Amino acid sequence: MSERSERADRHSNVANAADGGGRVNPDVNLDTVKRAADTPDERQPYAELGMKRDEYDRVKEILGRRPTSSELAIYSVMWSEHCSYKSSKVHLRQFGTKAPQSDALLVGMGENAGVVDIGDGWAATFKIESHNHPSYVEPHQGAATGVGGIVRDIMSMGARPIAVMDALRFGGADQADTRRVLPGVVEGISHYGNCLGLPNIGGEVVFDPCYIGNPLVNALCVGLLRKDQIKLAIAPGAGNKVVLFGALTGPDGIGGASVLASATFEDESQAKRPSVQVGDPFMEKLLIECCLELYQADVVVGIQDLGAAGVSCATTELAAKGTGGMDVRLDLVPLRDPSLRPEEILMSESQERMMAVVAPDDIDAFMAICAKWDIPATVIGEVTDSGRLVMTWHGETIVDIPPGTAADEGPVYERPFHEPAGQAALNASSPADLPRPEDLRAALLQLLGSPNLASKEWVTSQYDRYVRGNTVLAQPADAGVLRISEAMPGAEETTRGIALATDGNGRYARLDPYAGAQLALAEAYRNVAVTGAVPLAVTNCLNFGSPEDPEVMWQFSEAVRGLADACKTLGVPVTGGNVSFYNQTGSTPIHPTPVVGVLGVIEDVAKRVRSGFTGTGEKVVLLGE
Amino acid sequence: MSAARVGVVTFPGTLDDQDAARAVRHAGGEAVPLWHADPDLKGVDAVFLPGGFSYGDYLRCGAISRFAPLMEELIPAARAGLPVLGTCNGFQILCEAHLLPGALMRNAGLHYVCRDQGIRVENTATPWTSDFTEGQEIVLPVKHGEGRYVADPATLAAIEAGGQVVFRYTGGNPNGSLNDIAGIRNEAGNIVGLMPHPEHAVEDLTGAPSTDGRAFFTSILKKLVNT
Amino acid sequence: MARVIVDVMLKPEILDAQGQAIARALPRLGFSGVSAVRQGKRFEVELDGPADEAALSDIRKMAETLLANTVIEDYRVTVEE
Amino acid sequence: MARVIVDVMLKPEILDAQGQAIARALPRLGFSGVSAVRQGKRFEVELDGPADEAALSDIRKMAETLLANTVIEDYRVTVEE
């Protein structure tokens, strides 16, 4: 190895970190670039990794040879539906093309999270993301790591996370599996969010039998930052160091991104089920405080959280958006399980990890801050201007690719779609045809007793809504409201606050996905507006069945069109979000469920409006039609 | 006259330190940040151990924190009479450090509970509760998963007889605590621990729908200014 | 009248954050010579009758469905003498 | 290279809410014949060296001061063969 990488060796505060020599290293099977060139016809398990034949052929074309197994790992996760948005991209473009002009938008779609200007020099960043499949497999850990993941997205924008919300969908309240899934999911969100010290300021709990085999766990996080201190996932400047920091890498959710996120829960896929990811909220809390101190000290050039595709995603995306190249010594990645192979390190979904790009002169300061917070940190590579992402394993080159081809130039599909067979009949059946209830009292009691209308206190009382002392409104209000003057040092002068709401209705969307998505936006928009806040920006989590099913794809395209049109009409931009496909049991998809989050700003947070009557003698006025 | 200085301790995983510091400032005191790894009390006049999940609450709440370098200074100082208030995780740490009798266990309902809780003030003979009146009913938020106070029968009888029960839950016990105990003090009275959160009940705009927490901070500041 | 013990531990490949936090704290507390700590659960189950094959098979089922979460945990059943 | 087990159980006079909740759930799940369940903790401590008297005395101290809260818990140290 070069002298450069030997210097990297010394830049680690991790006890027992791989030193390049001390690890068991059965390298007889190591698939190097050289070996790949020499064995062009070796059979590779691209199909098992969820790749189609033509996708695999394209990789070969890009590289001019077969990929090494490590390269295959990278392309398979990066080109998975989950990471590449290959089925949704062509539709999501409308959010950009139809977007209203908005001066408030500082960072739009495509980054880890959108950022909006909230005035007085401050900005808010927010995003909602799904963790549906993992929450079905292991409700507690699945939901917990869903919160952890979205919080890291917000941190990576340079912000302090200040609150979370959760939009949940379960099967029928009386169905047996709901008893397993619901308490675990709520406990997971509660434990992780409470441990991080993030108030939970709202969300939804909806029951419908269509979610029995596929619950929805959508978590939202909002963060605050100075407008001039936005961080991006970029790696400019040849010679800058690449630092991996946070938890050690273990065999968590290996293959999860491609296998878990793009397969259904049919029996044969159960056998392939990778080990679940387990979260450590304590580590994440330290990581939050550590990152904020790193930003304060101004020692971070670019930063990226490690999400579903772990090291593969962070290295390819950082390199693609920077000077263009990166050298990484994969054997320097500190491991929890020393037997991990390079392919597994690349695909590991271990939680609570971040990757930063740091100028060489700032490395010592960076490491000192990590040490203060007891955060393991290791220099694993360096930015180059080679235009290639090159990874070595004990001196052997195992990855040599143009990073953009993995990060940005994945496949794009124009999937066929058509209206579902029964759609017209479904719409023809009108509530007007139903018999009128004879006993209104019984009907009312039935409504009041229905789980969807009942109090959600069993859930919300498990969430800390007071921590950090900035919660102005939370449950039972329809929108959460936070003051910002005390949320971060330096904000004392502002009187502003932010309001957030999430809404969605799968039954409306099933009947008419175009209108259903618009109704979800309208409801969240109203909920924010009634607190006294001006709605500014939208995030969304689009939960649908398989994109390979043309009827689902129709629902999806209609919902996106509806949401984009409504955003245009209301004058609020979509700043980011998440698409979750393959939400189905066997071939039966869930109701199409777009969940929409709206963020608004209130100029004087002391003037927020509560819901509910506050005194006798007040006049009651009905607005609208 | 310089403001009374109240130390606010931060362990890895402490969450309510900024709320505690804010509450001290609102009452007119100076909040002095104390870091778990520095064995230095910085000459403060009193110490607030705030809530959170120090060390992730792994093993047992407060079990690891009590060995922090700062605690090596704090424990003898508290034994010698330094006023110390621990809320939630701070209460757990005080019990683990044996500065207060008994222990805090998993809630009887086995769930984390966040709610606005009725509480009766049972004892005002502490530097943290002198601005209350005995028998006063107040509302403070509780938010914890492990707040069930337990002690062996002899200890329980002794703290009841000695006036060491400072707060009791009213209107429903959120966690199954013995004798509805929400907070206790040591024999000398300078150390108080409670599960509820006074620092989340000091402002009209935010936090719980009460400002009953203010009296904790006005009590200690009066005491410090007058001595 | 027999007592059966069910030990439940996280599977080796699953992150044991608790155990790690304890192991990291030990040197600070003056304990050296410990390379790792794993934390699990121990259940003591008191039976009305003897720990015969039928009872043990019941307990194994109980461990499998209730006491352990077999997605992330392994369990072991032993009879206390 | 030895492994030492530390079992920590609540003292008998302390209410074991978790154990009771499990015992109450059992009949509903179709298990009969269990008169009580107690839930405790199991620590597996890996030593760098052998489990000799010096090491065990260290571990007993660790159990006494850290792994168990002796106000409410008892512990037992055993060496795994």
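A few remarks follow.
Just so it is clear, A, B, C and D label the chains in written order, and each chain counts residues from 1 on its own.
Note that in this section a contact is a pair of C-beta atoms (placed from the backbone, for glycine too) under 8 Å apart; a residue touches a chain by one contact, two chains touch by 3 or more.
Predicted model only: the values in this text are computed from it and were never measured.
Simply put, of B-D and A-B, more C-beta pairs touch at A-B.
Centre-to-centre separation between subunit B and subunit D, using Cα means, comes to 30 Å. Averaging C-alpha coordinates per chain places the centre of subunit B 34 Å away from that of subunit C. Distance from the subunit A centre to the subunit C centre is 34 Å, each centre being the mean of its Cα atoms. The set of subunit B residues that touch two or more partner chains comprises 55-56, 58-59, 64, 67.
Listed for subunit D are residues 66-67, each touching two or more other chains. Shared interface positions of subunit A, i.e. residues touching 2 or more other chains, are given as 280, 282-283, 374.
The chain pairs satisfying the stated touch condition come to A-B, A-C, B-C, B-D, C-D.
Against subunit B, in their complex, subunit D makes its touches with residues 13-15, 17-18, 21, 66-67, 69, 71-72. Only residues 187, 190-191, 194-195, 197, 280-283, 285-286, 373-374, 460-472, 483, 486, 605-606 of subunit A touch subunit B when the two sit together in their complex.
Considering their complex, residues 7-9, 19, 22, 25-26, 29, 31, 33-49, 55, 58, 61-62, 65-67 of subunit C touch subunit D. Interface residues of subunit B, counted against subunit C in their complex, comprise 55-56, 58-59, 64, 67. Against subunit D, the residues of subunit B that register as touching in their complex are 59-60, 63-64, 67, 95-96, 98, 101-103, 105-108, 110, 148, 150-153, 176.
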